[in-house]
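Lettered A, B, C and D in written order, each chain numbered from 1.
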Amino acid sequence: MNTTTTRLTADMQQSAARLEQTWRDPPGILGWFSAINHKTIAVRFMLTTMGFFLAGGVLALIMRLQLARPENHLVGPDFYNQLFTMHGTTMMFLFAVPVMQAVGSYLVPLMLGARSLAFPRMNAFAYWIFLFGGLMLYVGFLLDIGPDAGWFAYVPLAGPDYSPGKRVDFWAQMITFTELSALLEAIILITTIFKMRAPGMTLNRMPLYVWTMLVTSFMVLFAMPSVMLASTALITDRLVGTHFYNPAEGGDALLWQHLFWFFGHPEVYLIFIPPLGFMSSIIATFSRRPIYGYAAMVLAVIATAFLAFGLWVHHMYATNVPELGKSFFTASSAMIAIPTAIQIFCWIATLWTGKLSFRTPLLFALGFFFILTLGGLTGVMLASVGLDLQVHDTFFVVAHLHYVLIGGAVFPLFGAFYYWFPKFTGRLMSETLGRWNFWLFFIGFNVAFFPMHLLGLAGMPRRVWTYPASMGWGDMNLTATVGAAIIAVSVLLFIINALKSRRHGAPAGPNPWGAGTLEWGTDSPPPAGNFVAPPVCGGRYPLWEPDGVPARVTGLDDDRRAILTTTLMDARPDLRPTMPSPSIWPFLSAIAVTVLFIGSIFTPWAVVWGAVPVAIGTTLWFWPNRKSTERQVAREVRP
Amino acid sequence: MKITVTTGLWACVIASALLAGCYREQRPLPGAPATAAPTDPLRLTSLQPGEPKAAVNSGNPYEDNAYATAQGKHLFKQYNCNGCHGSGGGGSGPALMDDKWIYGSEPANIYATIVQGRPNGMPSFGGHIPEDQVWQLVAYIRSMSGQLRSDVAPSRSDSLSPGKPEQRREKETPTPESLPQSAK
Amino acid sequence: MKPSMHESGALDVSALPTFGFGHRSLMWWGTFGLMIIEGTVFAITVAAYFYLRSHSATWPMNAAPPDMFWGTLNTAVLLASMLPNHLAKQAAEKLDLKKVRLWMVVCLAFSLLFLAIRVLEFTSLNTRWDSQAYGSVVWMLMALHTTHLVTDAYDSAVLTVLMYTGPLEGKRYVDVSENAMYWYFVVLSWLPIYAVVYWAPRY
Amino acid sequence: MTRTTAPLALLFAAAGAYAEPAQSALRPAGIQAERIHDLWQLTLAICALVFAAVLAALLAALWRAPRGDAATPADVSPLSRPEPRLRRNVLLAVGASVALLFVLIVADFQTDRLLNRMPLADAVNIEVTAHQWWWEARYDDPEPGRIFTTANELHIPVGRPVVLKLKSSDVIHTFWLPSLHGKKDMIPGRTALLRLRADQPGTYRGQCAEFCGFEHALMAFLVTAEPNDRYEAWADTQRREASNELSAQESRGRQVFMERSCVMCHTIQGIGANATFGPDLTHLAGRATLASGVLPNNREQLAAWITKPQQQKPGTNMPSTALSQEELDALLAYLGTLK
């Protein structure tokens, strides 16, 4: 397939060299901490989240070993409670949500034909904050300060009276870190998607994946403030004696549950919606045709986002919810299945009329259909008040949520890694290992989690560190543990495959899959400035357009970080702003903020004295440099 | 480069883990604490010949453990110490959150007071309350007058709040004091 | 798609301006995002306020409602500060450095004033954060908004200094204009909070 | 049940075929659990159908679609022309899903209504208070003299409605007795009502379903449903105080009870032990289990539970009590008299 690289003229080659010079990250250890190129940060972000994914997986394995036999004493209740709290917290806050934003922060600019993300320094800052928050949690865990009140930290158990010490405070501050990072990423992505699309990429030509990231980012803006408020109130209850959750002084334990689930349920969709975009990219490419029903897909995603805010109470049926309320939340919880169904049917229609090539990415996408559909259907069961009263807080729910999150998010995510790995590294991953990886994961997953449905119905509650032999749950638990081991092997294969292919994989070239979206129109891995010449977009699948190569943009300086911004709706060329250059200050500011947050766990005054270094750091981050400013002024064109 | 630094970060994590685990956060299950000192001989007065006897410092290990101190707080309520001592503010029994200590402020003194009882109404709980629970109570009682680190002392309870939570109280410097009038 | 894009192989954009105001600038979208987030935080806190109120027999719980004087005065000051703020914004969009400097300084003076009054507001709330849930949520509302006052005052201070010392370029005027927009948000978001903190306990 | 779902149903039935005493949502023994179980079977059938249909469509698509690879030119014509057949089929599929969902929602509303409309004539009122980590049950009665308290093992009459008033004394617990009804949270500062009725005599196991700390896993209880006369007889025994005709060793045991830590937490009616921090032991010997439904109530277990409870339930609030063999024997002998 034609690409820009195959038709470089001599002067374009010089220009490409200058661009590389302009956009690449500074060398050296200091340069490493000053890096702001969206691809550099995104790769670090992805590696970090994968690290947390593995950590959370190890915790899960220990839990499965403990539960493999009844009345097992491999670990005690104290450590077990820390294990499942850390597992849930890690997977939800340190893996699932951030990994989606990490992948997005790599792909979105490339898919839009942009040179960079908006606010690259803020992007670096968001990464460092996330990293420090996650490390804080794990250092605490290793020092026996691991949170032990569940990832949902229900008060009063997580409150000052029943969770003494600093364990829960570390958890609550970790929330502050990760939510801050996620909120910043959301702002960055929204701005990028609205203002930095290639000329001609009207909203209705935007790749479906970009749509999912746009919708997800907006959901973040509305969902995450809720949990930040909740955890702040929790920490003030614990540290300065406020009474938000103290019934004796007019507070209310359910206030926590409302605030938490108003965030917590949309969060599931923050995790689930971007993978819908992975699915659409992979299915289109490997069935050699556009996704059927573009408009329906977009509207379905938007509908999901709206409904997601209307069903948090279905986590609280067992509390005293008034009947009418329950009916409303039942209806909306069941209705959210419709948009997902629409998308599934559109994908099946696409496959039905496509020319299929069964490469590993498509295999993972197909795994989604089996697992997610099952998980979605158990979700419909949980939406019903009657059934929920029986299976709520049992292993049935554990099975359900893993079917939804692993089937709905992790399988497409793995597919996405196989699909875009060539773009990240310039090399293809091994197909053989890929197939082993997929089949082991698929089988292991079902062996591990299907029995949990039955366990739940047979009366086994969640979050139990052990169970009496007389309950007869032993065999199914043993089966689940075997399945967990199989999953571990397959993930190990994935790591081996990635490490091996990074060095010795088959060279990919710009577009190994013959895909249609812009990120495949540049080298693999892309140059520091993403595109030697920014493309102009002629359709939904520009690389599939009759003329193959999109027309390109000229007139952007290549000796400074000039980018093109376009208008909101129909992406007409608008401005030529200049992006900021690399800086150490985002990193240093992140450290200052970390000191403030951790300090405030021990004394409220940290908020005061900790604010000073933060103010200094952010000011120096913002403060312009005289020389480059003069260069800017020289070439300034006023509106 | 990328790899080395990431591994470096993880190395720091592991290293910090190898530091002595954080005793403040452990959840020691019932069973007498490792090094609880023998109790002070019964002394009904602080008057003594010659050099004032140096305060016995028993180093109650529970005073560095948030969980044990919080357990002490729960026991204080369950064994109805509030009945006489209010929530530390005092009632028919002396206040426990002030700087006055009739029978000494050291853990060993308080232990003795609980185990042996004192004239004028303090019953002897020896044998009734297991030793480790007594030490938990001792730790909590000292937190009431701010003797413990603020990261160990309990925060507010889920009940009517009598005032500042223990962890926010200023440290009172204990002054021995003769029996109150009422007791004479 | 406009024909110009397909006539030649290239689309020349060298004539486009290098900065622009309002929603043309990336900065505007960044600020817009912040405003959504913080607006949501305020909204949810207010919701929590009324949730707690709906579970309590008496409101405010064994405490007198806050004294009106300082809060009302501060509301007036905040509203008044929108004028210099508006003029600073206009001046920035006309790239008029002298006026920008003038009105930014006036804004700064205002921010010092309302921060001072805010301190007095805290003394007249008639409850403590650790007295009961009512006190907690009132202090939470006030603390959240005060944080915004402080940060906004600090941002404006830094910008003002920059306006005097330089180095200056066109997009700094955009920063001034976005800072002004954020100021609007801080002032206008205060009105519902003022209503909740000072009037809700009275009705 | 359709043919597709029959094997599935078996599979799930298998899940119910375990544990004695029963603790399974699939073995309802009371009207409320029955209703939920009916809803379950309908939902299971419909969901199984949908799942099968989606999978069939997918496999058909994979089977019939031609193969291609990266070199195959992509067919972009769908961007410009409509695809009426796909449109019709997708719309049909969506329509079918909406219809089935609607059926489920209606069935659910119906079930929910029935659950809330259970007849309550001549009901037994029990106030159940959850503690970390045991259950206190106070049987209410218009005559204050007939009110009595027990722990961890409830008896209820078959066929009579039971109204449980659920409370918590510390953190959130959840009362779950799957054979008779679904869950209800016990939230500090709030009271919840749970209405149920046992229609088959038997002993059913229940368990705390909300994570509540160390011993959440081992916080169980038993409910024995028996004919009304047997129930009334049981209730009368519960109302009696501990007997005072004791052998020398037994009265020595009572002395141990009063002089050691036991008396600090436990009540025994009629001997002046009135602490309520732990379960009421007035009729301990009459119970089948110890330690909130996890240990069989026999001499060895009881001895172990008194001397080293932390080995049975790490983190429990029961302190280990050091007793000489003589004291222990006496205490066990005395506790044995508490029928």
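Going forward, a residue touches a chain if its C-beta (ideal position, glycine included) is under 8 Å from a C-beta of that chain, and two chains touch if they have at least 3 such contacts.
What you see is a predicted model, and the numbers here were worked out from it, not measured in a lab.
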item	value
Other chains in touch with both chain A and chain C	B
Chain of greatest Cα-centre distance to chain C	D
B-C compared against B-D, more contacting pairs	B-D
Chain centre separation (chain B, chain C; CA means) in Å	47
Euclidean distance of C-alpha centroids - chain C vs chain D, Å	52
Rounded Å distance between chain B and chain D, as computed from the means of their C-alpha atoms	39
Where chain A and chain D are represented by their mean Cα positions, the distance between them in whole Å	37
Multi-chain contact sites of chain D, meaning residues that touch two or more partners	188, 214, 314-315
Residues within chain A bordering two or more other chains	78, 156, 162, 237, 240-241, 243, 246-249, 252
Junction residues of chain B - those touching two or more other chains	27, 156, 158, 161, 164-165
Chain pairs in mutual contact under the definition given at the outset	A-B, A-C, A-D, B-C, B-D
Complex contacts: residues of chain C adjacent to chain B	130
Residue ranges of chain B touching chain C (in the complex, touch as defined)	156, 161, 164-165
Footprint of chain D on chain B - complex, ascending	27, 29-31, 78-79, 127-130, 132-133, 158
Touching residues (chain side chain A, partner chain B) in the complex	32, 43-44, 47-48, 51, 78, 131, 135, 138-139, 142-145, 156, 159-162, 164-167, 237-241, 243, 245-249, 602-603
Complex contact set, residues of chain A against chain C	118-119, 122, 183, 186-187, 190-191, 194-196, 199-200, 221-222, 224-226, 228-229, 232-233, 236-237, 240-244, 246, 249-252, 255, 258-259, 262, 533, 536, 538, 551-556, 562, 564-565, 568, 572-578, 615, 619, 622-626, 629-630, 632-633, 635-639
